[in-house]
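Look for chain A in each of the two complexes below; its partner is chain B in the first and chain C in the second.
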Partner chain A sequence: MKLTTTLLTSTALTVAAGVAAHAQEMANDMTFVSWGGAYQASQQNAYAEPYKEMHPEVSVVWDESSNEAVAKLRAMNEAGNITWDLVDVVAADAMRLCDEGLAMEIDHDEVLADAPDGTEASDDFGDLIVSDCFIPQIVYSTTFGYRTDMVPEGVEAPNDICDVWDTETYPGKRSLEKRPINNMEWALLCDGVAKDEVYDVLATDDGQQRALDKLGEIKDDVIWWSAGADTPQLLADGEVFMGSTYNGRLFSAIVEQDQPIAMMWDAQVFDLDGWIVPAGLPEDRLARVMDFLHFATDTQRLADQAAYISYGPARASSAPMVGKHAELGIDMAPHMPTDPNNAKNTFLYNYEFWADYRDDIDAKFQAWLAQ
Partner chain B sequence: MSNVTDATTGAGEPMPGDNGTRTAKTENGPVMAADGRPLKQTLRRTLRREKMRALLLIAPLLIFVVVTFIVPILSMLFRSVENDIVQNTMPETVQALRAWDEQGTEPPGDEVFVPLYFDLFKASEAKEHTKLGSRLNYEQPGLSSMFRGTGRDLDDMGEEFQDVFEEIDPAFETAAFWHELLSGAGGEALLKERRDLYEALTGEEMRGDVGFTPSTEMAEMLPWTTKAYTDFAIWTAIEEEDVVAEEEPWEAVYAALGQDLRSPDTVAAIEAYSGPWSTTLKAAAENRDQLPQDSFREMFVASDKDWGSLEAWRTISLYSPPVTAGYFLNSVDLTKTVDGIAARPETQQIYLTLFQRTLIMSLIITGSCILLGYPVAWLLANLPLRTANVLMILVLLPFWTSLLVRTSAWKVLLQQQGIINEILVWLGFVDDANRLILMNNATGTVIAMTHILLPFMILPLYSVMKTVPPSYLRAAKSLGATNWTAFWRVYFPQSVPGIGAGSILVFILSIGYYITPEIVGGTSGVFISNRIAYHISSSLNWGLAAALGSILLIVVLALYWCYDRIVGIDNVKLGG
Partner chain C sequence: MSNLTVDIPRPPLNGFTLPLMAVFAGCFGFVVGNVFAQPLIGFLIGAVVGAGVALLAHNLPRSRRNVRLGLIAIFGLIGLILVGPGAMVAGLLIGAVLSWAAYWLDSGAYRSRVPIYYTAGQTLWHNSFLFICGLVFFFLIAPLLPVMWLSFNAQNFFTFTPEMLNFQAEGYSLKHYRDFLGTEEWMVPLKNSLIIAPFATFISVSLGTLAAIGLSQSHVPGRQAIMAILISPMIVPLIISATGMFFFYAPLGNWLEATLGLNRSFVGYLKVILAHAALGVPFVIITVTATLVGFDKSLTRASANMGADPVTTFFRVQMPLILPGVISGGLFAFITSFDEVVVVLFVGSAQQQTLPWQMFTGLREQISPTILAAATILVTVSICLLTTVELLRRRSERLRGLSPG
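Right after this comes the complex of A and B.
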C-alpha cells in the first residue's frame, strides 16, 4: 500500500495520523470548538454528521468558545489538561497559538487529503496556509451591509468604502467593530493612502494618528459592536444605516431572513478561518482527530459546507464544486466573497503586521474611544 | 464531651493510699486529673482533639475554597510582577547584557549577540522563543515578529559554518567525530548546569541518561562548542529520545566551533592538541579564513534590522529582571524608560480614566439603587403580608432571569428605534429627528445596572425595616412629631444598617461588572473590568490584566476600610 510506505518514512506526528488511518487505538469521543450559530451548524452538517455516519461509534461534543480559544487553551495548557480535540480559530489566532506552542505543527501534505486531480494539499490550499499549525477551511470577509430603504431618494446606493464617511449623502448611524483592525485600514484608504502603502503608513505614529483622525470625523455617528451578530440586528432594527460585519451574517439576514439589507462589497477585507489541533493530545485522541481531519478537509467536504453558509472554501479545487443552498436552493456562488463580481476591490488582512502592532494600536484606539 | 468525662473520672481507679500524695500535690502544684497528669494539660489535649475533629469536618470545604479560590487568585496576582520568561529563555544573553550600558548610544556588540544566538537556537528548538517575542511585544511593537522571523533564520546562520567545515574535512559530517571529540571525564557539573537551564526554559523535568559527558579539557579548549554540543545532546537524548552518538549535531554546534576558532587562544590550544581527531581540528583551524567572517551581530541585523536598534535592546534590557513593576506601571498609565519612570504618551493613556469612571459610575449606580430601592423596601415591610408577598415576587423575578436576557431586554427598550423612544415620539415629547440617546453611553450602563442590581439593595433594606416596630413611629407622632420628623428622626436612623449593607453589596458588585457595560455601555460607559476581560481573553497580556485586577482589589479593600472607619462595619445588617 502506498500509504503504508509513506508512513514508514514519516515523522512521529504523522505516524499518529497513520495509526489513525489503520484503525488501531482511536478514541471515540471528540470535543470540537467553534463559533456557534449558523457557522457551527454548517460544520456539523457538512463534516461531523457524514463522519458519524461512517463511524457510528464516534460522538462529538461542540463547545462554542472559539472567540476566547487562545486564552482557554493557554489556561488548559497551564493546568496540564487539554479537553479539546479540534479548535476552529481565525488565522491570526492560529498564528498566536502556534507561536505559543499551544497548537500542533501539521505536515499538511501528510495529514490532509490530496485534491481529486492529485494535487498535493499544500498546493491546493496554497498561500492560505499562513501558519504551520493552521488548516484553512473557509475564506470570509468583513464587509458592509446597508438598509436599502434608508438610501435617500434620487441617490445612488453606496458602493464605495468612503461612503461610510459620507454622512451628508447617506445620513444615519454606522456600526463599526470596537477594535482597530480593519477600521484603521479603511480610514487610511479613504484618507487617500494607496492600497499597497496602507500598512507602511499604519506602522508609524503619524499614520496611526491619521487613521484615528479620519475615524474621528464620524465618531459621533458610530455605534461600536463587539459581537458579529450586532450589526445585522442593528440593521434590522433600523438603528444604523450601514455597518460592518462578517459576510455570512449579512447573507443570512438578507437571504434567509429577508431583511431590506444589501451588501456593499467594496474594500472587503479577506480573512481565513480554519482548524488547529491543540498540542499535547494523548495518542488515541490524536489518532481520531487526524482521521477526522483527513476526511473533513477534503475537496468535497469543503464544497459541501458552502451549501449552508456563504463562505468560500479554502481549497482551490473546491471552488468549482460550490452548488446551491441546502434549503433555499439558490445558487451560492454569487454570494461568495470570492465571486469575481464581489471581489473587484478587496483587501487582505495582514497577519504579520497585526501580530506585531495589535497591542500598541489597540491601546491607542481604546484611549481614543474613551476620550 | 465523652473524652472529658473519661479523662477526669474513668481512667485508672485511684489506688488506695494514693489519696494522700495526690491531695498534697494538689495543694502545692497544679490540679491533677485522675490519671495523675495536670488537669489543664489533659483538658487542653481533649479540647485539641475536639478542635481537630471540627477541623476535619470542615476540611472538605476549606480545601475546596483554598484550592479553587485562594490559590488561583494568588497565582493570578503573582503574574502581575512575574517576568522570569526573559531570563529563562535567554539566560546567558541576560547575563552578558548586564555589562552593557543602557544609557549609552550604541546597541551591544558580539559579546551579547554570541550568547544570544545559542540561547535563541536552543529556545527555538524547544519552541519557546516566540513566547518571549510575544512577551516583549507588549512593551514594544515589532519585537514579536523580530523573534519569530529570526527564529526561522537561525538554522541558516549555522549552516553557513557547517558547509565550510564539511568542505574542509568530511569527518565533520559524522556523528562519531563530535561525540568522540567532546566526550570525556569531569564534565558532570557542566552537564547538570545545562540540564537546569533546559528545565527553566521548558518548565519540564529533563531527567534521564544523556549518553554523553562533556570532557573538561574540551570545555576549556572549545568552550562554545562544548556547551552547544551538550545542549544538543540533552535535547536529543531526553526530548527526542535518540542516541546522541548516532546523531549529526545541530547547526548551532558548527556555529559554536566557528565562534571558538575566532579566538586566537583556541587556535593556539588546537595547535598544541594531540588527542583524538587532532588532525581534523587542526585542518579546521588552519582553514579558518574560509569560515563566514560576519560577526553574529551582522548576521542578526541581516535577518531583522531591528536587532541593531538601540530601542529594542533597551526594552530587552529593561525587562530582563525576573520580577518587574512594568505591568503595574502600565496599569496606571506610566512606563519604564532608561531614565526612570515616565508618563505614557497622552494618546495611550486610558487606565486612570477607566478606574475613575468605574468608581464614579459605581457610586452613581449605588445612589440610584438607594433612591429606588428605599421606597420599595418600605412598601414591602409595611404592606399587609399577602400584598407584600406579591410585590416580593416582582422584586425577585429579575433575579431568576439570566443576566444576558435582562441586559438584552434593555437594549430593546433603550435603543433609538426602541420602545421608550417610540412612545415618547408618539406622545409628542420628543421630536422624531432628535430621539433620545439612552444607550451606548454612560446613561445606558447606569439604567441597566441599576435595574439589575436593585434586588441587592432592596433585600437587605427590607430585612432591616421588617424589624423596626411600627409602634415607634406612632409613638413619635403621638409626642407631636410631624410625619417627616417622625420618619427622619425615628425611622430612618434605624434603617441605616440596611442601607449600609445594600450599598456595599451593590457597589462591590458593580465595580466588577463587565457584561452589561459591554452590551449597553458603548464607549463612554465601559468599566475597567472590560479592559481586564480584554487582556485576559483577547490580547493575552495576563500580566497587565493581573496588575489591573490587583489594583481594583486594593481599591475595593481600601474603600471597605474607609467605610468601616466612617460608618463601622458592625452597623451593617444583612438580616433581621
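Right after this comes the complex of A and C.
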C-alpha cells in the first residue's frame, strides 16, 4: 500500500498528489498540537477552518502541548500510543525529534505544494528547512518591548539592545527569558563582542563566564519569565520597564490590546516554527495528515496566517501576498519581523551551536541563576 | 432562666478605649500611608484619628447611630476627595470598622459574651480567639474576591486598570464570560468534565461503598492490608499514579481499539473515567467506613429474621442509614475528578481535555482573564450545589425527626 502511494505520488503532477492521497482511506479525526493563544487561533483561522470547509467530514482537536512536545512524544512512542497527528514545534525541537526518530522524515518537494510560479517547495522554503523532518511555517523573532510612559522625561526612547543594561538612563525592571539562549548572545554583544564572533566567544569557558558576568550587572533588576505571555502581562502591569518576548505577543499587546508599549527591534533574534509529523502513524491517519499538510503549507495559506498574527510566512513566495489584519484592517507588513525597517540589526540564532552546547551552558546558567 | 442581668461597667476612656483605638486606627493609617509611601506618618495620623473617634464615642454614647453614620460619611468623603471613587469605598469601610470598634469598646460590649467572672486576660483571649477565627475565614475567602472582580476586566490582562479602581463603566465588560460561554475552546472542556466526573463518581461510589461494607465485616482476612491498598491512591503522589496509569492504560486502550474495534474517543473517555474512579474510591471508603461505625449490626440480623435477603436488607435497611456518608464520599469523588489535572494530562488525549486542563494550559500560555471568568462561574456553581445539598439534608433530617430544627 505504501509502495503504491509512493509510486503514484512521485510520478504524478503536483495537482495529482492530492488525488493520489484521496485514493486511499483517510481518517476523519485529527489532533493538532500547538502553542495556544493568538498563535493557535491564527492557525485555526488560516489553515484548519478553510480545510474543514472543503472537507466537512473532518474534525480537528487542538492540544496546547507544544511546550512539552518532545517529552510527550517520547512517552507516547514508548507506550506505543501516538495520539497526535501533527505537531507544531520550534526548529530546535524538530531537530531533536528527528534525531531521535520520533518525527517522520519528509520529502518536501513531494509532500508540499509548489509555489504559484512553479518553484519547488524546497527552493521556496530555502534555508529554512533546517531538518529533514521539519516543515517551516513562520519566522518569528524574540525581541524587546518597553513601556512608552515609563521612559524618563527628556530621554530618547530605547533603541539599542545595550539600553537593556543601561539602568541609569532607563530605570526599572527588565524581564528576560529563564534560559541562556538569546540572553547570552545579547550580553556578549553589549560587552563589545562583534556580531560575527559571538558564537566563537561563547564556545569558550571564558566567553560563557563573560556573558554571565555581563548578565550579572543587571541580575538584581531582572524578572525571569518562562511563558510567552509573561512579559506582556508584566509590561501591562507596569511591573517591568522593558522585557523580551516573541514579537507576535508584543504586537497583540500593542495593537490589539492598545497598551502603552513599543517595540525595540534592535538585535532581534530570528527563529523558526513549523510542523512535524510523529513517526509511526497508522496509514489512514497519515494519509489525512499529508492531505492537510499539502493544503495548509501552500503559498496562499501561509500568507493568510499573517492576517491574524505578526509572524513572517516561511515561504519566499508568500511574502508579497501578506495583506491586512483580519479584524483591524491595518497593514501587516510593517509589523513583520522581516520588514526592512525592523530588520536593520538582526541576529541569527545558531542551531548547530546550541545543539552542541545547550546542555552545558544550560547547567552553568541555572547554577548562576541560583547563586 | 431568670432574668438576672448584670450591668457591664463602662471602661475608662483614658486607660482603655482611647489608647486601644489609637493603636487600632494607627494600623489602618500604616496601611493607607504605605500607598503614599509614608507608612510612619500614616500611623501617626491614624493614631490621632483613632483617639478622636474614641473621644466622640465616649462623649456621645446615646446617639450611636448618628455618630457612626456621620463618621462613615466623613471617611468616605475624604477618600473621594483625596484619591477617587475607589478610595471612597475603602474610606466607607474604614469608617464603619473604626466607629463600630469605638462603640464596641466604649460601651463594654466586648464583655457581653463572656461570663461576668472572667478576668481581663480571659476576656482578651475570648475576643482574640474570635478575631483569629475571623482571620482564618478572611484568608480562606479573600483571595477569591479579586479573582471575581478581575473577571469583569475589560482588558486581556490580570491587571486592575485605573478605570476599574474608579468604578467607571468602560473599565468593566462581560467579554471574558462571552469567551467562556461562547467558544468551543472552553465549552468542549466543560462538556468533557461534565461527562467524565459523574461517571467516575458513580463508579467510585458503587465500588467504594461495597468495599467499605465488606471491610467492616470482622471475618474478612487481611482487612488492614486491603484497606491500605485501596486508600493508596490518596497517599501516593499524584504524578507517580499518573505515570503508572499512563503505561497501564496505553496498551489496554490499544487493545480495546485494535481487538474489539471500539471507537477511539470512546476508549479515551473510558480510560480517563476509570483512572478518575480509582482516585475517588479512597474518599468514598473513608467516609462510608466512618458512618458504618455507628451502624447497628443487629438491624441486619433483624431484617434477615423477617425474611429479607441480603440485597433487600442492603437497599432497604443499611443504605438509607449510611446514605449521608455515601453522599459526602460521592461529593469528594466528584470534586476530585472535576478538579484533577495531572492524571488527565497523562491518560487523556486532547479529545478528553477537561476544564482544569484547559485552565492549566491557558494560565501557562496565555494568562487570559477567561480563566478568571471560568473560576468565578465554577465557584458560584459549587456554592449553589453545596447549599442545595445541605438544605436537602436538613429537610430530610427534619422529615425523619432526627433533628429538632
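Here is the rule we go by: the second predicted complex is superposed on the first by the 349 of 371 C-alpha atoms of A that agree within 3 Å, B and C clash if a C-alpha of one lies under 4 Å from a C-alpha of the other, contacts with A are read in each partner's own complex, and residues count from 1 in each chain.
Here is the rule we go by: a contact is a pair of C-beta atoms (placed from the backbone, for glycine too) under 8 Å apart; a residue touches a chain by one contact, two chains touch by 3 or more.
Because the structure is a prediction, the values reported are computed rather than measured.
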Joint occupancy of chain A by chain B and chain C, clash or fit: clash
First (chain B), second (chain C), both or neither touched by A:D237: both
First, second, both or neither for A:W368, with chain B first and chain C second: first
Touching partner for A:A71 - first (chain B), second (chain C), both, neither: first
Contacts of A:E100 with chain B and chain C, given as first, second, both or neither: first
Touching partner for A:G228 - first (chain B), second (chain C), both, neither: second
Partner chain in contact with A:G36 - chain B first, chain C second, else both or neither: second
First (chain B), second (chain C), both or neither touched by A:G280: neither
Touched partner set for A:G172, first chain B, second chain C, both or neither: neither
Stretch in clash, chain B with chain C, out of 76-84, 418-426 or 472-480: 418-426
Shared chain A surface residues [contacts with chain B and with chain C]: 67, 237
Chain A-facing residues of chain B, complex: 127-128, 130-131, 133-134, 137-138, 141-145, 148, 347-350, 353-354, 415-418, 440, 518, 522-524, 526, 531, 536-541
Interface residues, chain A side, partner chain C - complex: 29, 31, 33, 35-37, 61-65, 67, 75, 78-81, 83-84, 227-230, 232-233, 236-237, 257, 259
Residue ranges of chain A in contact with chain B within the complex: 67-68, 70-71, 74, 96, 98-101, 178, 209, 223-224, 226, 237-239, 352, 355-364, 366-370
Complex contacts: residues of chain C adjacent to chain A: 155-159, 246-247, 250-251, 253-254, 264-265, 268, 349-351, 353, 361-362, 364-368
